[in-house]
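One chain, chain A, links the two complexes that follow: it is found with chain B in the first and with chain C in the second.
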Partner chain A sequence: MSILKVKNLFKSYGKIEVLKNFSLDIDSTEFVSLLGPSGCGKTTVLKIISGFISPDKGTVFIEDIDVSNTPPEKRNTAMCFQSYALFPHLTVEDNIKFGLYEKKIPKNKSKDLFEEAIEHLSLSQELGKYPNELSGGQQQRVALGRALVTRPKIILFDEPLSNLDAILRGTVRNEIKRIQSEFKLTAIYVTHDQSEALSISDRVLLMKEGEINQIDTPEKIYDNPISYFSASFVGISNIHHFKNPKKLENNFIEVDTNVGKLKLFYKNNLTDKNIYVSWRPEKAEVGEQRENTLFGRIKSIAFQGAFTELEVAIKNIKIKIITQKRGFKINEEIKFGIKPENLLVLEQS
Partner chain B sequence: MIAKSLHRILFISMIIIGVIWIVVPFIMAILWSLVDPAEPWTVDLVTPPVMSFYRWTYMWESSNLKDALFNSYLLAPTVSIITLIFSIPTAYVFGRYNFVGKEIAKLLCLLPLVTPYFVLSVFLTATIISFGLSEYRVAAIVLAHAVMFLPYAIRIMTVGFEQVSQEHIDAARDLSATTFSRWRVAYFPALRPAFFASILIVFIQSIEEFAVAFILGSPTFVTIPTLLFSTMGQDFVRPNAAVLSLILVVPNVVLMLFLEKLLRTANPAMISGKGLK
Partner chain C sequence: MLAKYLFIILCLIPGLGIILALIGFVTYIVIMQSIGLNNLFGEDEFTIKFWDKIFARKSYNRSVRYSLYIGTFSTIFSILIAYPIALWLRKPFRGSLFISSILKAPLLVHGLVAAFLFLNVIEYHGLVNQLLQYLNFTDQPIRMRNDRNAFGVLFLQTWKNMPFALLLLAGALQSISDDTLDAARDLGASLYRRFIDIIIPLTISAMTAAAIIIFIGAFADFTFQKIAGPRNTFSLSQLMVEYRGRGKWNEAATVGVTLIVLSFFGAVLVAFIINKLFKYPGWLSPVKMKNIKSIITRQK
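Right, the complex of A and B next:
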């Protein structure tokens, strides 16, 4: 069941159009990430949903009620801020109880809600401390506790891990996912970190210049990017401009690229927008003789333990290959193949 | 090496200047206030030949010192609070909103500070007299002081409002906070240092102000500076002036140290929430 509907949002700051006809439906208990580069409008979407920014046009429905003109204090949403925004002169306990008190939740109920939140977030030892006495991870947990203790319909995360170090980021990310799942929360999570979005979300919404570029499950976003932008922003891709497409039998087509002729499987009809072909570096099969066999010279080798990253030059075009094979040498010529079904046709945008 | 020597020279110079400008006048004032009238302090003596509290007792019993103390310490805190209240709307707009011409407006607010003090005082008192407000002596002086010292309060409070974290305000709103709660958790903690600084500056300015208090207050309303200036007038008695100077300065120094301590306790980590363990 859809809990949030965002319809045809437009937002501009002066001459800069931040959102262009942005629409979104989110189901109850779903975890959706808004992923995109800085300035693509993802935080604006979050602030419009929470009510801190009014759209120029468009509507926001929460549980089928139009809340477009409802101020943030009257919306049933809760935000986890990038800087946590904990009240520094209040203890952890007072920070978490703040929303319960302001929303005038009856004492008995608020006691139960508070205790449940504390238990799930393992904060019982920190209740008397002030925010500046806590580590970054603990502050994040307090912020999460403060947001979820009142049981909002939707919880909004604005780049909540960006102030944490790499190790803590992984731990807190898993904790956010666990808490979201335990409390059956609907979550919208803004990030520019693709690994965060892919690992935590039920669906990823990829944004570019105020528009949705692609929205899908993390696996599909990675395996089937539809555009040059999604293929290059999520993960690593080798992308080649193609021309002279020739239809072959059984939905195969052959195209000319800067690394040679490539044969690929494509069921749909090609349009004017379909001008790129891409493949993930791990799809290359080094040493294999297939339809799309390419030869290149190794320019760099980066051993990563479980796999090796190679940079290979084909006619001065550099491509990336990830393989589990070892024993490569710089300037060694290698042969590799890519299965036609692993070559993807992309749109221009 | 050169930087180290320069640092040392500057440090020693600072100590020497500090001693000449602060310590010597202070010691001289203390010594002069203790000169016994029976044995005058002549130029051939390093310290007064006889020291007593006669001048202190005399000033306390036979001058308007009691009234002056009461008036000054009624006036200064009242002016501090009223100026702070007057400054808040303008400082809020300067600190929280962006608008065309904001920097010019901020500069215009500070303009009275570069106007010569006596010109400003005479202009203000003339305005107050022309409005017929001079008969309310205390209220008229409070109003004039509040207007005179408003630029200091506006400037300090503007910086205070700029320090309020928008995320704290948003977090409070997001948790359904009322307007009062929003101010309690987001604004007041961040504004605390600015409150103290504004009160301190205006308090000192008001307690030391002479011209307005003299023109509007004379002859019935006496403050410590007006008493001091009258002591320095026709019947100039240096030891009496020294007693008044110390009475004027010492509480200010104590207050300044007290507020400085309060400002230190309002540390950035407590205001912003940053400063992780």
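Right, the complex of A and C next:
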């Protein structure tokens, strides 16, 4: 059941259009990430949902109630800020209890809610401490506890891990996911970090210049990017401009690219927008291959433990290959192939 | 370790040392003279007769009450007016810098000049009276100078001190991040609750500093009182100068000690009250409205 409906949002700051006809439906208990580069409008969407920003046009429905003109303090949403925004003059306990008091939740109920929150977040040892006495991870947990203790309908995360170091980021990310599923929360998570979005979400909404570029499950976003932008922003892709597409039998087509002729499987009709073909570096099969066989010279080798990253030059065009094979040498000529079904046709945008 | 502390003390002596020495000498002399020692004229003899005399005088007690009245209300009015203005100017907007500069201008005007300017406004033939007559509110000019309730002095003190409170409060308010206020709002806090539960506790240091400094300055006011204050009551400073003018140095010293002691305890009390009332959000404050109400009801 859809808990949040955002319809046809438009928002401009002066002459800059931040959101252009943005619409979104989110189901109850779903975890959706808004992924995109800085300035693409993802935080604006979050702030419109929470009520801190009013859209120029468009409506926001929470549980089928139009909350477009409802102030943030009266919306049943809770936000986890990038800066945590903990109240420095209050202890951990009072920070978490803040919402319970402000929303005038009865004492008996608020006691249960508070105890449940601190138990799930393992904060019982920190209750008497002030925010400046906590580590980044602990502060994030307090911010999370403060947001979820009042049981909001939707919890909104605004790049909550960006102030943490790489190791802590992974731990807190898993914790957010665990808490979200334990409390059965509906979550919207803003990030520009693709690995965060892919690992934590039920669905990823990829944004570009105020518009939705692609919305799908993390697997589909990665395996089937529809545009040049999604293929290049999510993961690593080798992308080639193509021309002279020729229809072959059984939905195969052959195209001319800067690395040579490539045969690919494509069921749909090509349009004027379909001008790129892409493939993921791990789809290259180094060694024997009958179709789409390419020859290149290794320019760099980066051994990563479980796999090796190769940078290979074909006619001065550099491409990336990820393989589990080892024993390569710089300037060695290698042969590799890509199965036609692993080659994807992309739209220009 | 000793050498390190000695070095720090030596470094501080040229600045802090001189200040402490000057304060110390003056305090010492005034206390000693109030008990008959270190006299400028005549023999030294330890006595508390000057204190006995001064406590017995109605004019002294009236001056204490008057100075406390001016100190307290000037502080309250200055802070009450400065808070909303500081909140309004918290986020820059077109013209905010200009408005802020204009509001802070009284800091650059000397108290004596301000008092004379004020007199021109409220004098018998001043601007206010002319306006009132023009609007037919009165046939005759009204006497507003040297009013019994010292509203003129309170006005001048507030006019002079509000910019100082504004300066401190604006800095403190600007240091509160938007996220902090948004977080409170997101958690259900209304505008009033955000002010009481977040803004005031986070600006309490600035408020306390402003209140203490304004209180001490207004409590020891001489200039505004001399020019615009009531004629039948002296402020403590005025009383002190009056005694000195009559050559009564020991009585003047007792008034001086009163000023020092009451300024100190007044400042401590101001800080204590502000911290008790505003340090915590409403729901955590040890002083609750219902407690105050019950105390008032009991007293009745």
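Heads up, the rule we're going with is that the second predicted complex is superposed on the first by the 349 of 349 C-alpha atoms of A that agree within 3 Å, B and C clash if a C-alpha of one lies under 4 Å from a C-alpha of the other, contacts with A are read in each partner's own complex, and residues count from 1 in each chain.
As a convention for this text, a residue touches a chain if its C-beta (ideal position, glycine included) is under 8 Å from a C-beta of that chain, and two chains touch if they have at least 3 such contacts.
Just so we're clear, the structure is a prediction, and the values are computed from it rather than from any experiment.
> Looking at the superposed three-chain arrangement on chain A, would you call chain B and chain C a clash or a fit?
With chain A aligned, chain B runs into chain C, so clash.
> Just checking: does A:G99 make contact with chain B only, chain C only, both, or neither of them? Give me first, second, both or neither.
After superposition on chain A, A:G99 lies in contact with both partners, chain B and chain C.
> According to the stated criteria, A:M79 is in contact with first (chain B), second (chain C), both, or neither; which is it?
both
> For the overlaid complexes, name the partner, chain B or chain C, with more touching residues on chain A.
Ranking chain B and chain C by residues of chain A touched puts B first.
> Is A:N132 touching anything from chain B or chain C once the two structures are fitted on A? First, second, both or neither.
In the superposition, A:N132 contacts chain B only.
> Which partner does A:F87 reach: the first (chain B), the second (chain C), both, or neither?
both
> So chain A touches chain B in one structure and chain C in the other; where do those two contact lists coincide?
50, 52, 71-74, 77-79, 81-83, 85-90, 98-99, 102-103, 146-147, 150
> List the residues on chain B that touch chain A in their complex, please.
Residue positions touching the partner: 165, 167-168, 170-178, 181, 185-186, 189, 269-277.
> Can you name the residues of chain A that touch chain B in the complex?
Result: residues 50, 52, 71-74, 77-79, 81-90, 98-99, 102-103, 130-136, 139, 146-147, 150 of chain A touch chain B.
> Write out the stretch or stretches of chain A touching chain C in their complex.
50, 52, 71-74, 77-79, 81-83, 85-90, 94, 98-99, 101-103, 146-147, 150
> Taking the complex as given, what residues does chain C use to touch chain A?
Spelled out, the residues of chain C in touch with chain A are 177, 179-180, 182-190, 193, 197-198, 201-202, 279-281, 283-284.
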